[in-house]
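Note that subunit A is present in both complexes that follow, paired respectively with subunit B and with subunit C.
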Partner chain A sequence: MNTRYSDKSPLYLRIPGIVGKILILAAASVFTAFPFVWMVVSSLKTKADILNTDIFFPSEPQWGNITGILFNSPIPKYILNSAWVSLVIVALQIVSGAMLAYALVFLKFRTRKILFAIVMATYMLPVAATYIPSYIILANWGILDSFLGLIVSSTVSIFGIFLLRQGFMQIPKGLVEAARMDGASHWRALWEIVCPMTKSSFITFGLMNFIGTYNNYMWPSLITKTSDYFLVSQGLRAFFVRDGAYGTEWALVMAASAVVVIPLLILFAFTQKWFINGIGGETGMKG
Partner chain B sequence: MSTPKVKRKFKRRYDKLPTVLLFVLPALIPLIVFWIYPICRSVYLSFTNWDFISPTYKIVGLKNYISLFRNPRFFEALGHTVVFTAGTLIPTIVLGLVLALLLVRNFHGSGILKFILFSPWITPTVAISIVWTWIYKTDGGIANTILTALGASPLKWISSSDTAMLSVIIVTVWKSLGYAMIFYLSALERVPGELYEAVALDGASKWRTFFDITLPCISPTTFFLMIITMVNSLQAYDQIQVLTQGGPSGSTRTLLYMYYQLGFQEFNMGQATAVAVVMILLTVGLSVIQFKASEKWVHY
Partner chain C sequence: MAEIILKNITKEYENGFQAVKNVSLDIKDNEFVILVGPSGCGKSTTLRMIAGLEDISDGDLFIDGERMNDVAPQHRDIAMVFQNYALYPHMSVYQNIAYSLKIKKIPKSEIDQRVHEVAKSLGLEELLDRKPGQLSGGQKQRVAMGRAIIRHPKAFLMDEPLSNLDAKLRGQMRVEIADLYQRLNTTFIYVTHDQTEAMTLGTKIVVMKDGEIQQIDNPTNLFSYPVNKFVAGFIGTPTMNFFEAECAEENGLVVLKTVAGRIVMNDAKAAKLREGGWIGKKVTGGIRPEHVILSQDGENTVFSGKVNVFELLGSNAIIYVETEAGMIVMNTSQVQVYEHGDKIALSVIADKVHVFDPETERTVTN
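Coming up: the complex of A and B.
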């Protein structure tokens, strides 16, 4: 398709360049993949193997480490907590975000510009600066240390509003107006006309925020203290520090990390194109 | 003036109001309750001596700020924040661009390379920081095994104040590299092909082409990544909490980590919110500087 990087120089002159390219890519991939590989091989080692730096692979894979984590540890419970709390949060964020983005693009009202400026400003502020007052609000409402508190404090995604607004602006205004002429409500126009046309923005929004919420650590760890309500990051950290007997049970800690990380890598393998096309195309800096 | 006319005008102006409110409020109410109000409240609390436990507190004026500016720990944390932000921002952007340039033309296996390079970004920082703790272990850690095999002397990584910051920076760059790469990949694809053809006719060298065409064309992405990486670095918490907890001897304590320690460990809410206000001002200040500077080098 493109001639942009084509090089007409003879092959022998291009060889150093090609070798250099392969070396850089190989080094970067090994550096990136190594922690994952090391996590998996370490998770299958015995206590003796893991402290022996001369062996890379386990002498005999200890599948018991993995099954122990799967059936005899709180890690699967944390994974489920993270999964369903994130699903609820992302669903709420999609509805609230789509409605606000629709209003910003298709409804005419005088404070529209100011509203967008406010949303834009909050996007860049450090979220941690809100934590102390937000903590007090949840305490006053009596929903600290609960799933409800986690959900209620995260029902809006500023990133998502940007992403959807960007997508909605590509839709010809006439389409929505025509639907309104035919008697469709704004609600129906949003979900039956605008949403199907910007499906990819919605999918990218859903996936990005699902992963972000699923992995979130600082805010959930501040407001939840009972392990029943731990999301996966906090649960894993607790396991690492306390249950996993920090410094002695490295194989188990690596097995727990692997059990947490591998499902996400599988999810990513199937949804890769939504991340790569979705986020790359939306720098949010134009328009 | 006739009343019906005024009424109609009134009606026209406000008959859309319920619809607008219906569409705006589901996002606006949480935004006000958990973003805008807390930011304002933090500013207010930074002028008080509240300790979280007592029901009452006094306005103490600038006392929190004065004691912060007299506290060497604060300036240390500020310095660490600057080092951490620059130390993550520059390698992430430069290496992200290099990788994107090498991967922009599809070849056999380029898809799997993109998958590998982006994968750290979707995994929980806590999980991978635990893995890195294990890699960094001073005796028996694989990082030192590799260094020794290469003939270098082993490092103490996260257990020495000389190398702890470097260790945290490596993990952060490792995690965000693929993210920068993805943004650059799509920016490079959008550079108009005619531009390359035009300079190719002029016989421009590869380097000239890169500096005269590619770099200016992707400058909006560079600018966006600088802002995003900066904001993320200013707020980095997960990897610091797992790897070093701000130590050893405060060598990885950033402003955000100091805020966490003051607020949620020492319950000194006045001082903690004062640090939060400094962080807000720092973010706003750095963004304004970057926006101003961008007028000189970003080409839309």
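Coming up: the complex of A and C.
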């Protein structure tokens, strides 16, 4: 994407290309950003304003919508539920994923290839296909409709294992061997040598899975029915259908949605640099 | 400070390839042992099995009398210097050197004192805060050594530690490693493919080929009494000249008849050749370039031919001569300038001739 220095042709020849690029990116940005902007704008409207398609901006910003959601609704509780459950799940996923990826990359054992094939196969399985068996297992363990059930059913992330494995494969095996000779156990080598060198993979993993879990709707709504255990998406939906299809308070729904996204935006702002590095496949090992 | 014994050790990799075959080796306390051999002969594999980084397929490894086959590397108390140094890129030089002590939970103040001690002895004091990425090859090499030294391990393993350095630095580090050995008084096992390095450093050299030990000896004996043609050719530069000859008895003397002349064997060699029933048979002769001399008169000429390449190295010269018996290389200190194509007659110092079985390539005159 960085054409500034690499491109040798004169500027006037490059202008059409640059303009084209800008137009495409701008269009893509508008398409991606519009629903978000619309949500934010609508959260400050009255119900009547929202249903009136002639106006885009609120005739008068309804700050009350937001404060109502913040101080006078169950939404903050759902956010808290989502946040801590996601945090615990992601922590567990990172530990389990890192251990498995380490074994796949750095250990030699006879069943390594088979293990990798199994992981691979699991990745290809549609998530929906796992709902029923998972549900039955949780039911047998008696942890349906509980935080424990939510957490236990998500302790392993296959995507995360892949991401970390990809990062680990960039590390020379000699480094792990040197650590072993220095007296480090595999556990120490993983967290003190491998992990710091693949920081961006870990951060990408953590962030993507945190967002995914935080927003997750389908699975949590299958196994929880008590509103005490709702995550945000479920909470939003409950809120949405509270007054029946015709009574929906659109402005409040929009305000709630906007509030729910705030924690994610803050998180993303802090980790953006690593996030993009990790997806781009860099290990942050330069220098 | 460890005695290391390898007993009939074999390594077969997952793909079925046997990289090390039935290797037995006794390494005494405080010995400096060198594993040398061409690339791919199984030196690293052997070293890595001693370190515990590679499983032993067959045989036993004892360290200080204890069988270590199934002991994890971190419990063997052995330090290793890797060919590419394997420094931890995210840690400073200080942290790299200190890492093993940190794992052992040694008090911070003692770690600090020991790191500075080691850094001083290796000239690394100024670099302690740097990251490995900011070091030159020679400096990385020193850090890698420091990381090994600081532990006071039972033994040091070094896998081609100098091969990534330029020639000058290599010579310098070689001296430092020899010096280190004197100071530390610990068992060293050193791997190299460079026979010069082996000959200058080692007191006990293990020559390997295709996963098998060929000969274990000191440098002098390896040079003078190689057990087979491979060792004879591998040790020494330029390499030994080999030529076809026929062993014969003439007037009560045992001689090697070459295409252009004959070499009279001394009593000891004659006895060996008679004993082995070699009279009247074809053998392979071997003579080192430094034992090839100019033939003064026609009488003792063994090879004759034309000068192909003449290299003047200062106090000596290397002359490549195209002869009836193939290329013969002479290393002489009687420097006399030759031109390409000059005719030349060569003789050999008969006492220094090696005779090999052309089939098995074993030396028959030792």
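As a working rule, the second predicted complex is superposed on the first by the 243 of 287 C-alpha atoms of A that agree within 3 Å, B and C clash if a C-alpha of one lies under 4 Å from a C-alpha of the other, contacts with A are read in each partner's own complex, and residues count from 1 in each chain.
Keep this in mind: a residue touches a chain if its C-beta (ideal position, glycine included) is under 8 Å from a C-beta of that chain, and two chains touch if they have at least 3 such contacts.
Note that the structure is a prediction, hence the values are computed from the model and not measured.
Following the overlay on subunit A, give me a clash-or-fit verdict for subunit B and subunit C.
With subunit A aligned, subunit B clears subunit C, so fit.
Is A:W250 in contact with subunit B, with subunit C, with both, or with neither (first, second, both, neither)?
Once the two structures are laid over each other on A, A:W250 reaches subunit B alone.
In the superposed model, does subunit B or subunit C contact more residues of subunit A?
Of subunit B and subunit C, the partner in contact with more residues of subunit A is B.
Does the superposition put A:P35 against subunit B (first), subunit C (second), both, or neither?
A:P35 contacts subunit B only, not subunit C.
Which partner does A:L125 reach: the first (subunit B), the second (subunit C), both, or neither?
A:L125: touches subunit B, not subunit C.
Name the contact category of A:M197: first (subunit B only), second (subunit C only), both, or neither.
The second partner, subunit C, only.
With both structures superposed on the shared chain, find the angle between the C-alpha centres of subunit B and subunit C as seen from the C-alpha centre of subunit A, to the nearest 10 degrees.
Given the fit on chain A C-alpha atoms, the answer is 90 degrees.
With the superposition applied, I'd like the minimum CA-CA separation between subunit B and subunit C in Å.
Between subunit B and subunit C, the shortest C-alpha distance works out to 5 Å.
Which parts of subunit A are in contact with subunit B and also with subunit C?
In subunit A, positions 108, 285 sit in both the subunit B and subunit C interfaces.
Using the touch rule from the top, collect the residues of subunit B that touch subunit A in their complex.
16-17, 19-20, 22-24, 26-28, 30-31, 33-39, 41-42, 45, 95, 98-99, 102-105, 113-120, 122-128, 130-132, 134-135, 140, 142, 145, 174, 177-179, 182-183, 185-187, 191, 193, 196-197, 200, 206, 220-221, 223-224, 227, 231, 234-235, 237-238, 241-242, 256, 259-260, 263-264, 269, 272-273, 276-277, 279-280, 283-284, 287, 300
What residues on subunit A touch subunit B, complex-wise?
2-5, 7, 21, 24-25, 28-29, 31-33, 35-36, 38-39, 42, 51, 53, 95-97, 99-100, 102-103, 107-109, 115, 118-119, 122, 124-134, 137, 152-156, 158, 161, 186, 211, 214-215, 217-218, 222, 232-234, 236-237, 240, 250, 253-254, 257, 260-261, 264-265, 267-269, 272, 275-277, 279-281, 283-286
Over in the complex, which subunit A residues touch subunit C? Could you list them?
108, 172, 174-175, 177-185, 188, 193, 196-197, 285, 287
Flag every residue of subunit C that touches subunit A in the complex, lowest number first.
Those in contact with subunit A are residues 14, 51-53, 55, 72-74, 78-80, 82, 84, 86-90, 99-100, 103-104, 131, 133, 147, 151.
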